[in-house]
Structure formats: C-alpha cells, structure tokens
Amino acid sequence: MDRALEMIGYDDLCREQASRRGNGNGRRQLGIGFSSYIEACGLAPSAVVGSLGAQAGQWESADVRVHPTGSVTVYTGSSSHGQGHETTFSQIVADRLGVAPEAVEVIHGDTDLVQFGMGTYGSRSAAVGGSAIAGSVDKIIEKGKKIAAHLLEASAEDLEYEDGSFRVAGSPDRALGLGDVALQAYLAHNYPDDLEPGLSATTFYDPANFTYPFGTHVCVVEVDTETGSIELLRYAAVDDVGNVINPMIVDGQLHGGLAQGIGQALWENAVYDDSGQLVSGSLMDYALPKIHNLIPFELDRTTTPCPHNPLGVKGVGEAGAIASPPAVVNAVVDALAPFGVTHIDMPLTPEKVWRAVNAD
Amino acid sequence: MTVSIQLEVNGKPVQAEVEPRRLLVHFLREDLGLTGANIGCETSLCGACTVLVDGSAIKSCTMLAAQADGTAVTTIEGLARNGELHPLQDGFWEKHGLQCGYCTPGMILSANYLLEQNPSPSDEEIREGLKGNICRCTGYHNIVEAVKYAAERMS
Amino acid sequence: MYPAQFDYRRAGSVAEALGLLQEHEDAKLMAGGHSLIPMMKLRLAQPPVVIDIGRLDELKGISEAGGGVRVGSLTTHADIAASDILAASCPVLAEAAGHIGDAQVRNRGTIGGNIAHADPGSDIPPVLVLLGASVHLQSPSGTRSVAAADFFQDLLMTDVGEDEILTHVDVPAQSAGTGSAYLKFEHPASGYAVVGAAASVTVHHGRCTAAALVVGGVGAVPTAVDVSSLIGSDLSDDAIADAASGLDTEDPIGDIFASGDYRVHVGKVYGKRALAAARDRA
C-alpha cells in the first residue's frame, strides 16, 4: 500500500478532492478507492478440495522429454488459451535445464497427445502446472547424472549440473553436455545396468498448499453528479505474485484482469426479465470494456517467493480481476461521500449512480 | 439465385458465384480459406471481422460478398510482405499486444487504417480509432503500445 | 448468422432503382447496409428482394447548393465527418457524424440509410431537425421534399413512401454569429446515443437572436425543446438551464440500461450543456 500511495500521489489527490468538495459540491467529484487483497490461488491440494466436495483431484501433470538431439518437448495438462504457457513453460525448462528457450516445444490442449490434466484456471498454471514441469526436469537431471557418471566413470553424487552440462565437482574438464547424455540415453550402448534407456520424466504435482498472492490497488475516478456517469482517471496496482517468470506476460495478465474487473464494476450486466428471458443477450446490450473507456494501467510489484513450490511462483491470472471491482466501487462511493452515499450495487451504471446521489 | 463477383483479395484476382445472402466474412473464410477474419459478435460491434475494402476498414460481417464485387480486399493474410511481418504485426508481437489472438487480425487492420489516416496518433487518438474493436484479454494497454511501436517504425 | 434468402438486384441509376422498386413488391433498398443487414441477420427483416443502390454515384457527395449544403444520401458518415464544406457551413452535422459507431461503421454507413432507418438512438436525426434540413425524395411520379421535423414519424418510421428513394438532404448554412454543438451520452454497449443533444444559438452584440435545441434518444423521434425564452437574453448559465429544463416527452423510451425518466433527466442536462457549448462557439 505504501508503494501504491506513492505511485498515485495520494496527498495531492486528497487536496484536489477537498477543493472540489469545498466548492459547494460541484458536479465533478473526485473519488479515490482502495482494495487490498490476499487471494488463495494455485488450485489446489487435492485432499483439501476433496474434503470440500470436489469430484476431482487438483494436481497437474507434466511429461518432459529430452530428445536424442538435446531438444525438449513438454506435454502439459495445463492448456493455454492466451496466457502464454508456450513462453512461460519454455522458460521454466530453459532456466532449469540450461537450454535455449527455442529448443523447448510445449504441447497442450490436444487429448490425442497429452496425458490427463486439470487445466488452466484459478491462477494455477505456473504454480501447479509449472511446478509439475520443474519436477520432471529435476527427475531428468537426476537420471542424466547417473548416465553421465557412468560415462565419466565418476560417482553420480559427485556430479553437478550447470548451464546444460554435467560436470564432476572439482574437475571442470570432466564434463558432458545434455545433448551428449541424451544421445547416449537413447543409444544405451554404454549404459548403467540398473537404468532404463531414454530421457523423459512424468510428474503429477499435487501442491502442498494454496498460494497467496497479495497486493493493493488504487483507482481514481471522476463522477459527474448531474448524470451519474463515471470517468476513470488513474489506476495503480502493486501486486506480489511471487517470483516472476516472464514480466511482460505477468503484466499482460494483470492488464486483462483489470479490464475484466473494471468491466464488472462499471458495465457488465446479465439482465433477465420476469419470465427468465436474457435481455442482455448480445453486445448491443451487454457492455464489455472498450478501448476508449479504459486507461493506461500503472503497475509495480514486490516479490515474495512462494515457500512451498519449487518455482516460488503464486499465479497472477486473477489478481487484476479480483482486486479491481472493490477499488472501482470504493472510488465511486468515495467521490459521493458528500452526498451520503455508502453503497451502490454493481454494475455502477450512470442511472444507479444518479439515483444514489439523489436518494433522500 | 447467385451473383457473379470479381474482386481482388490480397492482390490476387478472385472470381466467384455467391448466394446473395453470403456475407463477405463467410466468403473470405469458407470460400477462400482466409480464416484470419474472425466472426465474433454478429452485431457489427466487436470488430473481429474487420478487413480493408479499397483501403477502408470495414466489418465484413455486415457486408454482402455481392457488395464487394469490383473492390480490392485486404485481410490479415495479405499484410506481411515477402515473409517480413508488417510493422503492426511486429508491434503486436514485440509489445505483447495479444493474448488469445481472436481480436488481433481485426485490431491490426483497424490500426492499419488508423495509421493511414493519422501516421502519428496520440494515445487518445489510438483509443478513439480502435473503439470498434473489442479485446477481452489484454485490457488494451499493450495494444496501444503496439500501435505506437508500429507508428514509429512506419514513419 | 445468415439472412434469409433473397434476390439481389444492383441498380445502375436512380431511374433503374425506382423501376426495380415498382417491379418487386416488398423489396428493400440497401445503401451501405449497416441498418438493413443487421436486421436481416436477426431475421427481423426478410425482404424477398434487396435492391443495392450503393454504387449510384449520383447520390454521393457533399456540395454547396443554394446558400446551403447538399449531402447526397449515399454519402458515408466518414465523408460527412471529414467534410471541409460542412466544417465551414454546418459543423454540427460533421460533429454528429463523427460520433456514429466507430471508424468501420462510419466507412460503410450512409446518411440516407441512417435516417431512412430512423433509429431513436441515431446521432443524425436530431441534428437535421435542429438545422431545419429538408429531405428530398424521388418517385416515378416526381420529386418532393420534406422538412426533417416532419420526416421522422415514429419509432423506425419515416415519411419515405414505398415507391420512393431518398436522394439527398439539403442543410441551410449556419448564419453569422451562430454556434452549434452536438453532445452525446453514449450507450456503453451499442454505441448508440442514450441521449444526443443538438443545439445552436445565434448571438448579435451580446444578445441571443435565435436558439434551438433538439434532443434524440428520449422519444421515438427527435424532440424539439422550446428555448425561445433565450431570445433576447445574454445566454447566462441560468437562462440556458431554465430553457433546457423544458424538455418534455409524453412517452419517453427506456431500456435495461436507462429508464425513460432518466433519459429525460439526462436530456435536460445534455441540452443545457449543448446550449452552453454552442454559446461558447458563437
């Protein structure tokens, strides 16, 4: 919250608000709204959701295959519909396995190819799906150490894995690249007796706990008290989603979530008539956030790694959508404080706001 | 009945017999296999079906194929040149201007029309110029950045 | 969504279009198609024959004519919004056209199609009524013109006869000392006007000599407000607010976004603001 206050220039805004209120409650009132949140994300420990009545486990699966050439294919049950899994999951493998991101292919969403998985929702893909991938990569490294140790005539315990190479600790010249080890794993000509050929691993990762992203969002609005219409002036968000794998994708997820949440607060409304007919059934009546109604978002973050998953990530998909509706509504209610307004139901359509201003 | 139409699509001549009620977007997608123009809202509001007709951005779900007779149509498939992405395509890539990608072809063609009219638009002009295109993923923040990126490179 | 089946005829001239209209009962004329095609996709309209008049160059364009401006019925909203002639003589029409829909819609939609459809949330009708424009119609038996105020008859109903084609709109040029403005309260989903207020005032030597206010969106047709109380005044904010508060509609339209009462209220507020903006431009 300290950082959010600083970003938004809170003291100046308070002065501006006071001056507008001072002028006999002029027609353009300024409102500042806050929302500080802690989410439970990264769904979820299977035993917990089972105790709550869920009919499925909430683990995620990952099959990581290192090919004889050293390139990698990841089969994940967490499918992407725009969240950038191909990029983020490639990065997880690239960072952990010391290969180029371009050498990693991510396969998802095709049930002919991918093992059972639980999907993308609940800010879980990185925290649960990503952790499953990390688990498989770790298994591959462990197996690779045994193969490399055999080839290098060393003990597996003495091997280190760094930057895509298996090295004998203390003897930097005794090393084998991942590609060499992968090739030998598939040739299996000179190979440990107690090891299966091949270099792939499957992991079903069941998280030990939910993850708990947190943050503070601040929204500044101007309310036209004559008509009840609302204009967004500023929006600042400081989120802690744990370690960040790809900052651009994390920001993009926040932007999209903010639009969803602001839309919910201001416009989106499924309306049924008395006979149960949906009367907001097309975009002629159902208002989505449009580009000219939104503003640039001001983002910052702190980083507190999640303590119980291998990546230290918490998930970011929902942060924007969860934090923004209260921030927006609080801003509007704050603007209307001089009129005695303490609550308005979402969505805050101009007519509802106008009626709230003019309520006795 | 059918109507004979001749038009140019992405620089190539096309001749076809179409039902009068064939919408341009269906003609492009189903008859020509150009599936870049998407069908979103069907009420002329979402802009996913935007293409250029004689250089003007239009919604191809609200135009009959018969009306396009004699015109030159550009779809997203016709924007790259010699394997080189158009600066707008590059901008959407570089600035993460898309997530699911459904709105992107229409968004890029609207932005292309905007930059033809106004080569160096302000943020506000970009937002006004693209108001006929809805995006459900990005919150539009990076779309504005992508258009600015392209505007700089095209100038 | 597909429209129901229909036969398509493309007219090469106004005369040919009139002939086709005679020949085919229940045929519909189509200009840009931006009102008709959505109605046909929803099957709210199922004409057996569509006569495409979109290519009749004789009905396109903006020109100075008889002390005013002639706007051909097939002129697109984009061309109206960008017209130098209108910017000089009737800027409020260009201003309103620039508020219609979005860039893609303005590139296809035409003024003739727009007013013949007569949606109560359309931006053009209140401006034409404000300006005292005349709508010109042609039929096999000749031509006639109708004042814009009489042209809009009811919800989606106009004075266009079944055998007529809307050819052009004549708009009187704005007189010296006149300012005008169109203010729109936009529906967040459809982009139509919940309320659209068109105002003009003429000022000579600090005194108002003419004033008009027409509000769209609150009634089935544009609602003219009697603002004659402003004539002779100095157009003070109070005088303007008082005049705009005269907006009255017997049966205001309402929907799930904005009730009739609320539309009337916003109509008064936007009427006041449009008059003030017109004053500031005079």
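Lettered A, B and C in written order, each chain numbered from 1.
Everything below uses one rule, namely that a residue touches a chain if its C-beta (ideal position, glycine included) is under 8 Å from a C-beta of that chain, and two chains touch if they have at least 3 such contacts.
Here the structure is a predicted model, which means the values were calculated and not measured.
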Decide which interface, B-C or A-C, involves more C-beta pairs in contact, and give its chain pair.
-> B-C
Judged by C-alpha centres, the chain sitting nearest the middle of the protein is B
Separation of the C-alpha centres, chain B versus chain C, in whole Å, is 29
What whole-number Å value describes the gap between the mean CA coordinates of chain A and chain C?
-> 48
Please set out, as single numbers or ranges, the residues of chain A touching at least two other chains.
-> 283-284, 288, 290
Residue numbers of chain B (touch at least two other chains) = 42-43, 45, 131, 133
Could you say which residues in chain C touch two or more other chains, in rising order?
-> 189-190
List of chain B residues in touch with chain C within their complex | 1, 3, 19-21, 23, 26, 42-45, 47, 50, 56-59, 62-64, 66-67, 110, 113-114, 129, 131-133
Which residues of chain C touch chain B in their complex?
-> 1-8, 10, 33-34, 37-38, 40-41, 50, 52, 54, 78, 101-105, 107-108, 189-191
What does chain A use to touch chain B in their complex?
-> 81-84, 248-249, 251-252, 254-260, 282-284, 288-292, 294, 296-297, 320
Which residues, counting only chain B, touch chain A once they are in their complex?
-> 41-43, 45-46, 96, 98-101, 123, 126-128, 130-131, 133-144
Mind pulling up the chain C residues that touch chain A in the complex?
-> 185, 187-190, 255-259, 262, 265-266, 269-270
